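In the part that follows, the structures are each spelled out as structure tokens.
You will see chain A twice below: alongside chain B first, and alongside chain C after that.
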Partner chain A sequence: MKLELGYIHIHDIQLAAASKVENGVLYVDAEAVKKLVLEDEQIASVEVEVAHPGESVRITPVKDVIEPRVKVEGPGGMFPGVISKVDTVGSGKTHVLKGAAVVTTGKIVGFQEGIIDMSGVGAQYTPFSKTNNLVLVVQPVEGLKQHDHEHAVRMAGLKTAVYLGELARSLTPDETETFETLPLKESMDKYPELPRVGYVQMLQSQGLLHDTYVYGVDAKRIIPTVIYPTEVMDGAIISGNCVSACDKNPTYVHQNNPIVHDLFAQHGKTINFAAMVITNENVYLADKERSSNWSSKLCEFLGLDAVIISEEGFGNPDTDLIMNCRKITEKGIKTVIVTDEYAGRDGSSQSLADAHSSADALVTGGNANQVITLPKMDKVIGTEDYVGIIAGGWDQNKHEDGTIDVEIQAITGATSEVGFNYLSAR
Partner chain B sequence: MSKLRVVHYINQFFAQIGGEEMADYKPEYREGIVGPGLALQTAFGEEAEIVGTVICGDSYFNENLEKATAEVLEMIKAAKPDLFIAGPAFNAGRYGVACGTITDAVKKELGIPALTGMYVENPGADMFKSSVYIISTKNSAAGMRDAAPKMAKLGLKLAKGEKVGASCEDGYIPNGIRVNLFEKERGSKRAVKMLLAKINGKPFTTEYPMPDFDRVPPCPAVKDIAHAKIALVTSGGIVPKGNPDHIESSNATHYGKYDIEGVDDLTSDTYATAHGGYDPVYANEDADRVLPVDVMREFEKEGKIGSLYRYFYTTVGNGTAVKSAKAFAAEFSKELVADGVQAVILTST
Partner chain C sequence: MLERMVVFTNNPMVRDALSQRDGCKVHYAPVSYRQILCLARDAVHQGHKLLTHPLSGSVKPGETPYKSVAVSQEKGLLDLPSLSLIENSIVTCDKFPIRSKSKDPSLQEDFQLVDLSLIMSIF
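Entry: the complex of A and B
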């Protein structure tokens, strides 16, 4: 399966009378976006705002971040099984508005939304301080239950990203990049000398607002399976979860999965990036055992020599991570795991909730309990009403001078467990 | 600004007094720089000055630990340093223990910033790495050129009260305190590089060595459950509505203890969850789903259990440091035992 990504570089977003892309500027008709979002009867109101890198702006509580893309050649459309029909995606051509993102916020859904600061110390911790963000401030109708609220906001973000992506359909990309994964036998024949490397991605599926969707299927209900890495670039996996903001994978990170990209960078040179396996992180022991049995069995079946395993979330999923690592290692396959840490505010506690000697090669996204002080911002998109109760905040963490103390747990993407960020710990 | 005053500690060998035959050498204070102090002084440049050097034989120190520590401390105190540096001891075992002991004493008893240096396998490293900063050095004195700038840099930071970076940034032996840092390459790229090294049998360093995991074997079954006093404890965050003790939704710093005398059922009007890690709808509708008071009361009436303990203990398990959880339980378990509780039902989420 071969996919060409065509990047149209966006260096600015402006609200305008008509939506279009011109000279690297994404112009957005806010009224058109509002109309689109308000099609959902569960949404009472929506505001459309813009946040640029370097501005004194805070976005909170952030639910999801999505990159606008459009399929211009090949089967299917963006977010198959959710927005588009359920065709198999990942081949042909896709255009990307690189440098732009849709960010969803509004009244809090659960407790685990995040903070994106566009400048100051907080900006260093979130990758989304570098993107030009179109922010949807979505307010639900009265009395909407949390899970329905989450669904409504999720769909609003995806629909808006698709609407913006469409603007790139007929544009000529500034830059293109091609990714190809061959079927099993052809791949073995083409690179007989190179080690066969796979990627095992663990998808957050603890349930109760901790859900991820694959072609529209709740990942709780999947058995580990194989996916072409290019399928995720077309939105085959989307985020529907409210895990702590620092280490959940927003949809943007699925679309741009950095492990996929960095393995492709070595593909055909030092490794044969042969396969990608997705598995889940359910809460029942039988599910954990079944899924780790299957993920290790698939790695063996695919004839892999080595894999990278990434986690999403922390605590309970640490057990899935260690089970996957142990069972895949027992198959004689070399492993590197990617996770983050909850070592306490002083960094002195044990970092993970489970451990095994097979996990001898670990990359960490850093200690999520580290406390930082965020400066007062000139403008807040959304509301700071929840900074004390989101995961990573605490009662009265906002001071009279407007500064806010938080654990970096509350900052969107700070300790990414697919290695999308630069933070680490020793 | 005047230069920071530094006192340096070395053994008889590095003071060029002699080898093993002179290891009984008693503590001596000399003004200024002796031996390896020169390399440290060069690394300090104009910022600090080694004002004096304490010399002590390794055998003397280790065989007269308390006395020698007191004597050496007195000499250091008299020199009024802003910073104390011992060694580096490289892979010399007794010298390493002496450096660790005296550095620890200077830090704790004199309250003066202090550090030492040694090879990671020096027995002194394991003994003192969690109490003092130990710069990681090579295993022989040939590593002085490499060690001196690192010791000087971290020493200046400590003396000035500046923030110490992660072990890999400031060159000290990991001390169990996890410190964040920004890497030059993103995590995914570091993972690919680590995997390539592992595939090719080349050395690599894990970013988090696996801890010794604390696995707790379950207690034997309660023999006479029909007469046992049973307590409910939860990490599912069930609290009286309004969360009176403000237990955090994640990384809880404390727990709550609540009286349930006369409570037969937790209702949506009286109890809710403070937990930030799951959809609260179902727990808030009926908190018995997480903390089964209703069923325990039925069992109590039916005589299936002796009694339900009068209080329940609760916290939020979401992202809460293992160390905190352990401390909570160590504290309230004493109350449970004192009140004659024989078994605990521990519920999560």
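Entry: the complex of A and C
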């Protein structure tokens, strides 16, 4: 399966009378976006705001971040099984508004969700301080239940991203990049001398605000399966989770997974990036056994020599991570795990809630318990009311001068377990 | 297929949702998050197997007061993987300081709902 991504570089978003892309500026008709979002009768009102890199702006609580894309050639459309029909995506051509993002915010439950600061110390910890963000502040109709509210906000973000992506349909990309994964036999024949490397991606699948969807299917109901990485670039995986925002993958991160991109960068040179497997992180322990049995069986079946396994979350998923690592290693396949740490504020505690001797090669996204002080911002999109009660915030953490102490756990994407972040030991 | 289970919970919403469910016994105790883990550990020592992960959910211990953990109704020999998991979970729980916001009356329903959603995800 082969996909060409055509990047249209966006360096600014402005609200305007008509939506269009011109000279790298994304002009957005806010009324058109509002009309689209308000088609959902469960949404009472929506505000459309813009946040640019470097501005004194805080967006919180953040639910999801989505990159506007559009399929211009090949089967299917963006977010198959959710917005578009369930055609198999991942081939042909897709245009990307690179540098733009849709951010959804709004109170769904009275805690958690993330912070994106567009400047200051906090901006150094979130990748979404570097994107031009169109922010939707979504208010539900009175009495809407939390599950329905989460769904409504999720859909509002996806629909808006599709609306903006459409603006790129007839544009000429500034830059293109091509990704190809061959079917099993052709892949083996083409690079017989290179190690066959696979990627096992673990997906949050625990419940309300802890879910992920694959072609519209709740990931807790899947058994591990093979997916072409380019399908994910076309929106086959979407986020329904944001609790402890530091190590959850917004939809944007699925669309731009750095592990996938780095493996493709070495494909045909030092490795043969042969396959991607997705699995889940359920609450029921027998599900964990079943899923890790399947993921390891698939890795063996695919003839992989080495596998990178990425986690999403902490605690419960640590058990899945270690089961996957141990069982895949027992198949004679080398493994590297990618995770983050809850190692206490001084970093001296045990990092994960589970361990095994097979987990002897690990990449960390950082320590989520690290404390930083966020400066006061001139403007808050959403509300700061929950900063003291979101994951990573605590009591009396807001000072008189407007600064706020938080663990980086509260910052969207700060300790990304697929490496879509800035923390490094270098 | 789900095993017949005992659910230890301090969450009234879970108690109400599962008390009439086939194959489920609910052991409701209005105690702390950690004490629910300890009740599950005691059951593991008596030969019950853990059925759900004690650290389910991303709302951390100390942030939410609510926890629900399922163990098997059936008793056998001590299940060492269950023992290791519940002991590790208690050690992990102790790393997280208790936040007073976890007691904020305006948040209790949402905390309960998320905990309910986590345990209901197994059915």
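Keep this in mind: the second predicted complex is superposed on the first by the 420 of 426 C-alpha atoms of A that agree within 3 Å, B and C clash if a C-alpha of one lies under 4 Å from a C-alpha of the other, contacts with A are read in each partner's own complex, and residues count from 1 in each chain.
The rule is short, and it goes like this: a contact is a pair of C-beta atoms (placed from the backbone, for glycine too) under 8 Å apart; a residue touches a chain by one contact, two chains touch by 3 or more.
Small disclaimer: the values here were computed from a predicted structure and weren't measured.
Asker: Evaluate whether chain B and chain C can sit on chain A together after superposition, giving fit or clash.
Answerer: Partners clash after overlay.
Asker: For A:Asp354, decide between first (touching chain B), second (touching chain C), both and neither.
Answerer: A:Asp354 contacts both chain B and chain C.
Asker: Which partner reaches more residues of chain A, chain B or chain C?
Answerer: Counting residues of chain A touched by each partner, the higher count goes to B.
Asker: Regarding the shared-chain residue A:Thr319, is it in contact with chain B (first), chain C (second), both, or neither?
Answerer: In the superposition, A:Thr319 contacts chain C only.
Asker: Go through the superposed model and pick first if A:Val65 touches only chain B, second if only chain C, both, or neither.
Answerer: neither
Asker: Scan A:Lys248 for contacts with chain B and chain C and give back first, second, both or neither.
Answerer: After superposition on chain A, A:Lys248 lies in contact with chain C alone.
Asker: After lining up the shared chain so the two structures overlap, which partner does A:Ile116 touch, if you call chain B first and chain C second: first, second, both or neither?
Answerer: So A:Ile116 meets neither chain B nor chain C here.
Asker: Please indicate which partner A:Ser424 is in contact with in the superposed arrangement: first for chain B, second for chain C, both, or neither.
Answerer: Only chain B; A:Ser424 stays clear of chain C.
Asker: A:Lys288 in the overlay: touching chain B, chain C, both, or neither? Say first, second, both or neither.
Answerer: In the superposed model, A:Lys288 contacts chain C only, not chain B.
Asker: For A:Val336, is the partner it touches chain B (first), chain C (second), both, or none of the two (neither)?
Answerer: In the superposed model, A:Val336 contacts chain B only, not chain C.
Asker: Quick check for you: in the superposed arrangement, does A:Ala51 touch first (chain B), second (chain C), both or neither?
Answerer: A:Ala51 sits against neither chain B nor chain C.
Asker: Going by the clash criterion at the top, which of the stretches 19-27, 73-81, 109-117 or 289-297 from chain B hits chain C after superposition?
Answerer: With chain A aligned, chain B clashes with chain C through residues 289-297.
Asker: In the superposed view, which residues of chain A touch chain B and also chain C?
Answerer: 110-112, 146-147, 206-210, 243-244, 314-315, 342, 344, 349-350, 353-354, 389, 391, 394-395
Asker: Where on chain A is chain B touching in the complex?
Answerer: For chain A paired with chain B, touching residues are 110-112, 124, 145-147, 195, 197, 206-210, 243-244, 258-259, 261-263, 265-266, 270-271, 305-308, 310, 314-315, 334, 336, 338-339, 341-357, 359-370, 389-395, 407-409, 416-426.
Asker: Taking the touch rule as given, give the residues of chain C at its contact with chain A in the complex, in rising order.
Answerer: The touching residues are 2-3, 50-53, 55-60, 63-64, 85, 88-89, 91-92, 95, 97, 99-101, 104, 106-107, 110-111, 113-114, 117-122.
Asker: Spell out the residues on chain B that touch chain A in their complex, using ranges where they run on.
Answerer: 166-169, 174, 176-192, 194-196, 198-199, 204, 206-208, 210-211, 213-214, 246, 248-251, 253, 275-282, 317-324, 349
Asker: Per the contact definition, I'd like the list of chain A residues that touch chain C in the complex.
Answerer: 109-112, 146-147, 204-210, 220, 241, 243-244, 248, 282-288, 313-316, 318-319, 342, 344, 349-350, 353-354, 388-389, 391, 394-395
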